[in-house]
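So, here come the structures, one by one.
Both of the next two complexes hold chain A, though its partner changes from chain B to chain C.
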Partner chain A sequence: MIELKQVCKSYGHKRAVKNVDLKLPQGEIIGLFGENGAGKTTLMKAILGFIRYEGTITLDGAPITTKNIARISFATSEHSFFPDLTARGHAEFYREHFPRFSEKRFYGLIEFFDLPMGKPLRGFSTGQKNQFEVILALSQGADYILMDEPFAGNDVFNREDFYKVLLGILEPHETVLLSTHLIEEVSGFIGRAILIREGSIVGDVTMEELEEQGTDLMTYIKNTYHYRPDRVSKALQDMTGEEG
Partner chain B sequence: MKQHGSVFLLMVRSTFYKVLLLLGAATLAETAVFVAFCLRGPTAKGFGPELLLRQGRIAWIFGAVMVLMTLLLIRTGTEKGAKTGYTLRRLSVSERWVFFWQSAYNTLCYLLLWMWQVLTVMLLCAVYVHLAPAEYVTEQTVFLAFYRSDFLHALLPFEETALWVKNVLLVLSLGIASARYPMALRQGSKQQEISGACCAAIAFFVEEIGSVNGAISILISLITIGVSVYRAMDREAQYEKETA
Partner chain C sequence: MKKKRLKISRLVPPGFDYGPELKALCWIVGGALVLSLFWFTDLREARRALFDRYLGVLRPIPGAVMRDFGKMVWPYMSGFAVAALWALSFVGVHYQYHHRVSKSIYTMKRLPNRLELHLRCWTLPLSCFAAILLAGFLLLLIYYAVYLLVTPAENLAPDQWKKLWSVIL
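Let's look at the complex of A and B:
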């Protein structure tokens, strides 16, 4: 389990993450939702040790270091692959550094998405690059797969395929923490939703709990964020002078 | 050891073909100025290989290729359109080793550039001896040219140990500083040892007999190597301390 205790991160005077306490057990698909700049990416980077932070983050009770970092993989819309390397080159490189790298899963997914094996990644389209980024994260043999807006730039059919593949291939011990704005698209397959706003966790609910409450994820998020549905019509009314 | 080899191979796969293309382009450019010089025929100033190299601005081409090679090499690890640092920081070898292997690879590339340039000018000189009118050529022509031309002498200093030391240190400082640059960027700092190494190489590679340029160049190279290695080790130690 990944456990965050009182995690804080500031950029200058701006506090990007405030006193976050969170537990991410194995075997869950978790959605991480929040507006732009809410702290989703910062939280993921803190877990991966890419940025300095206050508080503690542990993986099965141990700090996350080079010794256990291979248990966490990362797919980001910023892309973490090597643009001059081919897909095959990546497989050979990752095999050496991630002992649990699954060639079966890697080549299976490459074939499924029909990605070229011998072409350098910089020649891929944005959609293909996103696909490859996620394939690498899924193939590393990590127990925790962090995904930060992995489908930005992919069309809806492509994303749909990915969700199906994700559900089909994940092993019971694999955890996915998926940061996205596509709430309605992912609400069907996540088991838990974490809401972050201005660096603080403002909501943490399982889909079962939502079902028991007789509500859906979108309504829960709107309620948590105190979303005012009449806000747009009021603004339009003010601008046009017409009655709503 | 395989992991170390894969990091070295990553550098090779990412840039080596580009390095070869650059060297090929340099040879073409130098051959073009050689042909232009030969077509002009003897002038009032004479007609010899050192004149060819002076008037043909081959030293300038060499300097430009060195700068281009530097720009090419510092891109590995900071490629446009990707954050490869996210992967490099999660490898089974520490970033200190990535820095070491990148330094080794870059140094070999600069060494190749040096050797390539020596071979190219020797070939051009050989062609010159073959083509030039008999009154301009003796058995000693090429040998003397390497003594009379400061650029040629800097490239191949024969028994002048101090020049060999200066050149080796220049190559080493360029190799190490160009590996430090992407590492510093990944760690969020902008250190510019590579600029110092490049300026030193351009300003002091060619020196007149009896000048103090050689001593200054050796000093700058030693400082560049020391600062680059110290900063790389120090930052990595800090990172390890933070994540221990």
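Let's look at the complex of A and C:
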């Protein structure tokens, strides 16, 4: 389990993450939702040790170091592949550095998405780059797969394919923490939703709990964020002077 | 040849095309070598200054002293210093590669072997730096031998080797 205790992160005077307590057990698909700048990426970067933070983050009770970092993978919309390396070259590199790298999964997904093996990544389309980024994260052999807006720039059909593949290939011990704005698209397959706002966790609910409450994810998020449905019509009325 | 390239590719950032880097370095080292050869014209002039011509015959000028080797050779060897520093500057290029087009720095920072990033950024530039300095030093030794060979013992100023080091350092 990844456990965050009282995690804080500031950039200058701005507090990006505030006193976050979170437990991410194995075998869950978790959605991480929040507006731009809410702290989703910062939280993931803190887990991966890319940034300094206050508080503690542990993996099965131990700090995340070079000894256990291979148990966490990362796919980001910024992309983390090597632009001048081919897909085949990436497979070789990952095989060398990540002992549990799954070639079967890697080549299976490459074939499924029909990605070229011998072309440097810089020559891929944006959609292909996103696909490859996620393929690497899924093939690393990690127990915890962190995905930060991995489908930005992909068309809806492409994304749907991915969701299906994701559900089909994930093993029971694998956890996915998926940060995305595509709430409705992912609501069908995530088991838990975490809401972050201005650096604080403002909501943490399982889909079962929502079902018991007789509500859906979008309604839950709107309620948590105190979304005012009349704000659009009011704004239009203010701008045009017409009655809504 | 392919095997050789494969080996070097493990010493640079993954996928990095080190070919242009090495090619540029070869040109600079070649330039440094050509520049160093001009030292021979200086050597010839310095040696000529030890003699004067009397009735068509060269005769040693009494008390004439050959110019110090270090001071004479240093400007001509500076090309190697420039080439070595140029090679070292590739370290920055290699680190920068991990922020270009994508953020492959994230992958490098996630590796179980944390040294991998630094090994791939430093190894080739540092090896080239050392190789260029060594080549320059070996050339310096050859030039020193030539200097001693062409300078009559009575015209040689003392402590040449010591003076050379004081110029280098």
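Throughout what follows, the second predicted complex is superposed on the first by the 244 of 244 C-alpha atoms of A that agree within 3 Å, B and C clash if a C-alpha of one lies under 4 Å from a C-alpha of the other, contacts with A are read in each partner's own complex, and residues count from 1 in each chain.
Keep in mind that, in the parts below, a residue touches a chain if its C-beta (ideal position, glycine included) is under 8 Å from a C-beta of that chain, and two chains touch if they have at least 3 such contacts.
From a predicted model like this one, the values you see are computed outputs, not experimental measurements.
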Specify the outcome, clash or fit, for chain B and chain C once both structures are aligned onto chain A.
clash
May I ask you to decide whether A:64 touches chain B, chain C, both, or neither, giving the answer as first, second, both or neither?
first
Partner chain(s) touched by A:36 [first = chain B, second = chain C, both, neither]:
neither
So in the superposed three-chain picture, is A:83 touching just chain B, just chain C, both, or none of them (first/second/both/neither)?
both
I'd like to know which partner A:52 touches here: chain B for first, chain C for second, both or neither.
first
So, A:240: does it touch chain B (first), chain C (second), both, or neither?
neither
Between chain B and chain C, whom does A:74 touch in the aligned arrangement: first, second, both, or neither?
both
So, does A:93 touch the first partner chain B, the second partner chain C, both, or neither?
both
Quick one: which of 44-52, 134-142, 206-214 or 224-232 on chain B sits on top of chain C after the fit?
206-214
Of the residues on chain A, which ones does chain B touch that chain C also touches?
48-50, 66, 69-70, 72, 74, 76, 78-85, 89, 93, 97-98, 121-122
Chain B - residues contacting chain A, complex:
2-3, 5-6, 9-10, 13-15, 76, 79-87, 89-94, 240, 242-244
Residue ranges of chain A in contact with chain C within the complex:
48-50, 66-67, 69-70, 72-74, 76, 78-86, 89-90, 93, 97-98, 120-122, 129
Contact set on chain C toward chain A in their complex:
13-17, 100-107, 109-114, 116
Chain B contact footprint on chain A (complex, rising order)
48-50, 52, 63-66, 69-70, 72, 74, 76, 78-85, 89, 92-93, 96-99, 121-122
